[in-house]
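Presented sequentially are two complexes of chain A, the first with chain B as partner and the second with chain C.
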Partner chain A sequence: MRASLPFLLALQVVAASSLALAQAPDVSVPKTVEAGAAFSIQCAGNGKATLFIVGPGQVLKQDVQLGESAAFPAGSLYNAGWYTAIVTSTSGTQSASFDVLPQSKPSDVSFLARPSRLPVGIHNAITGAVYVFDSYRNLISAPEEVQFDLSNPAGAVEKKSVTTHDGAAWTEMDSTAQQGSDKFAVHAGSVSSERIVAQVPGDPCGLKMSAKPDGQRIQLTTEPVRDCNGNAVPDGTIVTFTENFRGTQSTVDVPLKRGIAEVQMPAHPGATISVASGVVMGNQIGWQ
Partner chain B sequence: MNKGRLLACVLGAVTLALIVVGTIWPAASAAAYGGASSMLRASSTPEAAVENLGDEIQGREWQKAYDSLANKAQFSESDFEHDLTGTYPSLLTYSSLGSFDVRPLRSSGTDADVQLKLRWATVVGPSASTRQLHVVKNGDRWQAEWPITKQPTVPPQVIPVNYLRWDVIYRGPGDDWGAQDVEAPHVRIVDMHPVERAEGVVVLGELLNEDVVPAYVSVSATLLSKDKTPIATEGSFDKISHLLLPKQVTPFFIKFPNTSLSDVGSIRMDPSSSLIAASADPVIEISDQQLHPAPDASLTGQLSNQSGQVVNVAHVIGTFYDKGGQVVWVADQYVDHALLPQTPVPFQIHIPEDLAKNISSQRTVIATYTAKGAQ
Partner chain C sequence: MMKTFKIAFAISTALLAGTLFAGAQPTVRVEQAALSGPRVLQDQTRSAVIRDYLRSWQSFDAALDQNRPDLLNADFVGSAKEKLANTIKEQEALGVRTQYHDRSHDLRIVFYSPEGMSVELTDNVEYDVQVVDHDKTTTTQRVSARYIVVLTPAEVRWRVRVFQAVPE
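Then we have the complex of A and B:
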């Protein structure tokens, strides 16, 4: 409520300025001001007056001597947008408008990277969007060159340069063939931001098991389980062993441990044993 | 106004009178439940003896029930109680005997066979078990012989396990707003099939966790009419294994009572998943699975806990396929006893008789619950 009082006052002044008197003092403002930069406003005439500057989220009030320039130090206006300067004195009210523009040098970026985890080897599956801001968190709407880098643990880097449009830029990247935590970074000027994108193995490929007798049971062991790019499928992944024998079935869901899955199942001569993981089928063994 | 007051007074007086009557001359069953007296009848027939035993089990009067048995020298009272409620915490531990049926099978002047069907009320629904009791005549009264099944116990030991465990750190308040949270697991419906049943429409299917992290999953479905307006939305509730480890598949079963498939134009499926801290332990072997045709169509088998911890509740969910590999039914059963390490426990899942002839293969999954500190 307290913050809105000067704004209401300024609005009243703006309303009054529409009824500006013919003899009101002239106001000379710069066409544009960079956010945070020092600037001055020239008020022609004689005597004392009050200068208001009204803009997005900011109102300044200053007593000025007409005929002299009113100087505002650096950091006075920092929100980018359209501002109105209003000079009011006993002889009348006059106003002029100017723009406060974002600084040209990027100082901060907001970087959105999706997803944070995905299988290897997928085309255009990683998206990155960046918003470029100046030091006052104004969106820099002028075109700006930004660079996206996706680097894997082996050091290979995929780069893409994109020019921002209205303060934003986005890109799509391929997930690499190698699993690991990739660094997805964006650079705008001297500013950068980084996200981690976990690239995980895909479905098991060429799932194969072997069997050997172990007393009254069969010891079933898979070969190290890998995806089609040769990445080791992570421990904990479920491998299902199924044994069919004379109309009965035995199944065990076994998590991979140290890259392989192993289990003991009943040894029935003539039984057929198969292995699968998710929707991927492995080999089949006939136990004699 | 006067009539209203009169009615209120009459109702109050009647209520008061009923309370007094119920307190002074309680029903036998109410008095028994209240512990004031037993509702037992004289054991002058084999059926009466078994009914008395059923009443005592229902009242959890283990000592009285044990004392009434003819073969109590063969086992202890503790064995008897554990036979009914389990040695380790399980579904039966937290259940009560809702009702029981007694059915005479054979009788002579000195002995008889009686079937006792126990209907337990458990936290996941009713669970029935049947015991065949031999009843003998001692003097002028009949006594039941309890067919004891001694519950297995695990000898004290240390079983090393080193299965993988996943923990999750979620996005915190100090993170930049653009920093992404940990990605929810990617799950996929690999099969879905609506079935028309007498009680309504049932949506069956299978869900795959195609990610490398464990997922807590659920599935809901919305039936849409031919003009795309929603008819009803239902979830799978407990007819699904909610915890899916990487590459694990669960069936789901969604029931829409009082709906007809002819009214349905399309079905909108909504699988959801979230990250969950989980362990790859325990591993349960499902052995000797066998499909039995009608009548009494069922899938039977045995569960064997290959890990070191006691599984307190096991939920067996069976997916049944036709010759073409399409899901034709999903059924489940909760195992009422705890699964001890390396100790097989049988299960039986009933299949609707009319569907049994279409079933040519099946796949069974287990969802387990372990109470912390239960062992």
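Then we have the complex of A and C:
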């Protein structure tokens, strides 16, 4: 009995090994394949069979000789996703699955930027979102560092680095203080995409007029109208002059011309005259 | 805040019409959105995105089963549509059809772009895929996969623009 115990144990080991071999998959696939890379699939057994590689992104079919590896050259499978390799022969069907991964190098981006036009000096008013793709237009789901930058014609640049999550990243930026066409760009690896963001002057700031007599009338003239960052407010912007005299109100709307607004109003001693543009109030003059 | 919401989606019979597995509706679980991004996702938008995504599985299944790329038009756009249409071309050339039957979806909206022009969601989906070679069914496989899906708004619905399985 003492001699037979090791023998029985050895027999059990052999039996277990045989069982493991019997359960080994007949189709052996790589765990992952990079999109567009060459790969091969081992098909155990004897005789001829048909190999299908099936996924929503692609379908391949190839006659194979069991016992040999089926080689797929570069460029055969390029759409990222989950694929199932199925081998069918007269003796049955076997399958195994694997991932086709996006290439790691970005080749393209989808850049969504907004708005295309906005006033200067607004906090977090410019937003950008990006999706990063490889050369086969697979979304690169692995984290990837992207850089957003906003540059104005004077050369000032605001930069932000963001890491993608599930292929996407986003940012918010302030509009700059200077009017003009800014470039809003995103960079992922060696790939860039750019949008133009027109930054226009904001509301008038420190609106101020002066008055001088002109016969029976008053000549009212604003100083050059600028926003709070010193940008000239565009011609055509309406400036409103209002004269109050003995309970009567007279209002004149005047568009800016060459940066200023001017108008003549009746000269009533004791009148009060104010100036405004939109919701922005300017100074007030009491006419004596 | 990681509370899970179970939402039973009553997918209309009309949506299921034409599928080979009529009556076997997928179970749908929607996790609370884990949004990155400044834009608030309104409930109505969220429901529309999920409804349209689930509907896209119906047209995806029908298109690949019948080898008809035109069935993708309503629910797919951009690279997702091109890739699926190419798969259909490959299937036609090989004399193959595939039938996809989604059994369960575990969805989470992960990104709503600041300008509101795209929504990204993840879907831990279980489905059966059946391969039919020259009208002979070769095999049916049960698949569990994690999909990343990007949808963009069209005139009256959200369309799938990226539809890609990624490692779990």
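Keep this in mind: the second predicted complex is superposed on the first by the 249 of 288 C-alpha atoms of A that agree within 3 Å, B and C clash if a C-alpha of one lies under 4 Å from a C-alpha of the other, contacts with A are read in each partner's own complex, and residues count from 1 in each chain.
Here is the rule we use: a contact is a pair of C-beta atoms (placed from the backbone, for glycine too) under 8 Å apart; a residue touches a chain by one contact, two chains touch by 3 or more.
In this text, all values refer to a predicted model and were calculated from it rather than measured experimentally.
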| item | value |
| --- | --- |
| Which superposed partner A:W82 touches (first chain B, second chain C, both, neither) | second |
| Chain B versus chain C as contact partner of A:L112, first or second or both or neither | both |
| Which of chain B and chain C A:P266 touches, first, second, both or neither | first |
| First (chain B), second (chain C), both or neither touched by A:E145 | neither |
| Touching partner for A:L101 - first (chain B), second (chain C), both, neither | second |
| First (chain B), second (chain C), both or neither touched by A:T127 | second |
| Partner chain in contact with A:E68 - chain B first, chain C second, else both or neither | neither |
| First (chain B), second (chain C), both or neither touched by A:D214 | neither |
| Which superposed partner A:D235 touches (first chain B, second chain C, both, neither) | first |
| Overlapping contact positions on chain A, where the chain C interface meets the chain B interface | 112-114 |
| Residue ranges of chain A in contact with chain B within the complex | 110-118, 193, 195, 200-201, 203-204, 233-239, 247-255, 257, 263, 265-266, 277-280 |
| Partner chain A, residues of chain B touching it in the complex | 162-164, 166, 176-183, 190, 208-214, 245-249, 280, 283-291, 301, 306, 362-366 |
| Residue ranges of chain A in contact with chain C within the complex | 32, 50, 52, 54-61, 79-82, 84, 86, 88, 93, 95, 97, 99, 101, 112-114, 124, 127-129, 131, 133, 137-139, 141, 165-168, 170, 172 |
| Residues of chain C that touch chain A when the two form their complex | 36-38, 60, 64, 79, 82-84, 86-87, 90-91, 94, 96, 98, 100, 110-111, 113-115, 117-118, 120, 122, 129, 131, 133, 138-139, 141, 143, 145, 148, 150, 162-167 |
